[in-house]
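One chain, chain A, links the two complexes that follow: it is found with chain B in the first and with chain C in the second.
The block that comes next holds the complex of A and B.
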């Protein structure tokens, strides 16, 4: 197997795990609760691996991406409702990523934020237009690997490794007030949502079809989902742990994405800061493209249009117009001046509400022998799938009350 | 599954994607047309593709909204043009021969044909 085939998983995961929302949530989680939320990342990572693998397998065997399945399984009304919620959530996320990338460029160059948002939207349009899918995933997937600086920084600051390892054990910290307990609950739900963002599965399964996966690609799919998501999770956990070690004791609340970059500046100085900002730039830029394309995939698949960037833009015209309009709409949201962090909070909240509707049809189809033949879910995959379905359903039910009670995790 | 299978397959047909003989997506089965009547066996006559097929499947306000956004066009695909039905409906001929790619063609007029690898 060509190692470059793993770039689909790496781009999906880097764009999903260390996008603008994760840069903020992971850093805030570490600063407020130390290592106590690492287990939530670990738990949700296994969940996204399970569902990514399943979606890739369905794409390879039944040649069906998630949204085709969803409409067939949920029916038109519920399918349309899911599509609408998903489009809104992913559009807000895309806007947050464009705002995030503009902020990072503002940190790097000092150029005005609005100008950078406009320039980057133009750059994203040019990227998707010019590059075929394989090159998009390779460029942004590989350049996102600059984020490894955060894992390196963690090793360099040498945290108390026993406490770090203890964070993998499910726990609720002792001695929290009711308000803090609710905030801990909100962070738990928000991390599950941010790690298992539905757009990751839409992008991943559509990417499998873009790459023309077939039953012979089962191993590629399995490795891509495990290594890609595992890497993304490692980076997010590194950001959390750096924050627990560096920001928590100093009472620093990393409210803005730039705070995370300081984690690399402390052990490595100026070059650490530059590498961290470059990593964040490519990861968030990849996430902007991933969210925009995931949304266009969803809409095109739901209505049965020709789609895909393995085709030239004029060979899939409605799909092309859709991603162009979605990028422009995202830019308009950014230009209204709304705070990127507010966008992130709403994106996470909307996403968790659609998670069960996204994953149920997938679970049903991957377990259907008529469609999947010998590649149907085994006992283990089915058990894990239903277990995680229960987890995300519980998280979806708890999300809105916790969001309201904690003012979006702000206490 | 084949198109002449029992009529109970109608519910399984709804919302399946259509793929033409060139491998292109060309819509979704939005509704079906049946023939027959009292005392006669029901037969699947055609698959209906297009937002007009949402009538009766969505609340009136939602159908009105869809109509404003996407129109109420409806294209008939005779069952004899269906090759196989599985996780998608595969057609025996190119979608354009059945009038299925009109909206793609209309959108295509807005897209410049240059610059992509």
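The block that comes next holds the complex of A and C.
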């Protein structure tokens, strides 16, 4: 197997885990609750590995991307409702990523935020139009690996490793006030949502079809899910732990994406800062493309249009027009002047509400022997799938009340 | 049940006003002040680029200004403290910025325990 084949997973994960929402949520979680939320990242990581592996397997065997399944399994009305909610949530996420990229460029170059948002949207259009799918995933997936600087920074600042390891044990910190408990609950739900963003499986399963995966690619699919998502999770946990060590004691609750870059500057100076900003730039840019493409895939698959970047743009005109319009709409949202962090909060909230409806059809089809044959879910995969379905359903029920009660985690 | 929980949450959220409603803005301003101090400290050690420092100053100042403008009563003691923080120059001494952050933290703690 060519190691470059893993780039789909790396792009999905680096652009999914370590997108703009993760940069802020992981850093805020660490500064407010120390290492106590690491286990939520670990828990949700296993969940996204389970569902992305399942979606890749379904794509390879049944040749069905997620939104095809949704229409058939949920029926037209519920399918349409899920599509609408998912498009709104992913559109807001895409806008947040474009705003995030513009912010990072502002930190790097000092160029005006609005100008950078416009320029980067143009750059994304050119990237998607010109680059074949494989090159999109390779470019953004591999350059996003600059983010490894955050894991290196964690080693360099040498946190109390026993406390760090203790964070992997499920826990609720003792002695929290009611308000702090609610905030802890909100962060738990928000991290599950941000790690298991539905667009990741839309993109991943559609990517598998773009790459013409078949039953022979089961190993690639499994390794891609585990290594890609595992890597993304490691980076997000590193950001959380750096924040627990550097920001918490300094009374900093990071509210802007630029704060995360300080984590690499403190141990490594200017070069650490520049590498961190470059890693953040490529990861968030990858996420912007991923969200836009995931949305276009969803709409095209739901309505049965010709889709895919393996075709020339004019060979799939409705698909092409859809991603162009979605990118422009995202830019318009950014240009209204709405705060990127407000967009992030709403994206996370909307996503968790859509999660159960996204994963249910997938779970049903992956367990259906008629479609999947010998590649049907085994007992273990089925048990994990239903367990995580219960987790995300509980999180979806709790999300809105917790969001309101904690003012989006702000107390 | 979900609807009932949402209604309860909305009612509870709608009940907070005055200093209680200001708490999150005090927290935001305190955090921005502490981060401003951290940025200036690292900059003085030559660990940050000038562009990054200038950009962070702008965003942090915007954050503090936005917190100040959202307060229900800007003439409270914490409102005046945030106003005083905004008067600091971009390259203010980290200790001075930390002193503002500490005072705001004290207001936070007092409001939380009230």
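Throughout what follows, the second predicted complex is superposed on the first by the 411 of 411 C-alpha atoms of A that agree within 3 Å, B and C clash if a C-alpha of one lies under 4 Å from a C-alpha of the other, contacts with A are read in each partner's own complex, and residues count from 1 in each chain.
Just so it is clear, a contact is a pair of C-beta atoms (placed from the backbone, for glycine too) under 8 Å apart; a residue touches a chain by one contact, two chains touch by 3 or more.
Note that this is a predicted model, so its numbers are computed, not measured.
Once the two complexes are overlaid on the shared chain, A:371 sits against chain B while remaining clear of chain C. Legend: residue contacts after superposition of the two complexes on their common chain; A:155 is shown touching neither chain B nor chain C.
Contacts of A:405 after superposition: chain C is touched, whereas chain B is not reached. Of the two partner chains placed by the overlay, only chain B lies in contact with A:303; chain C stays clear of it.
Judged by the document's definition of touching, no chain A residue lies at the interface with chain B and also at the interface with chain C.
Residues 103, 106-110, 177, 179, 247, 250-256, 258-259, 261-262, 265-266, 269-270, 272-274, 277, 397, 400-402, 404-405, 407, 410-411 of chain A are the ones touching chain C in the complex.
Interface of chain C with chain A (complex): residues 2, 5-6, 8-10, 12-13, 23-24, 27-28, 30-32, 34-35, 37-39, 42, 46-49, 51-52, 54-56, 59-60, 63, 101-102, 105, 112. Residues of chain B touching chain A in their complex: 14-18, 24-28, 30, 49, 54, 57-59, 62, 86-88, 103-105, 107-108, 110-113, 115-117. Only residues 62-64, 68, 71-72, 75-77, 79-80, 129-132, 135, 300-307, 312-314, 316-318, 320-321, 371 of chain A touch chain B when the two sit together in their complex.
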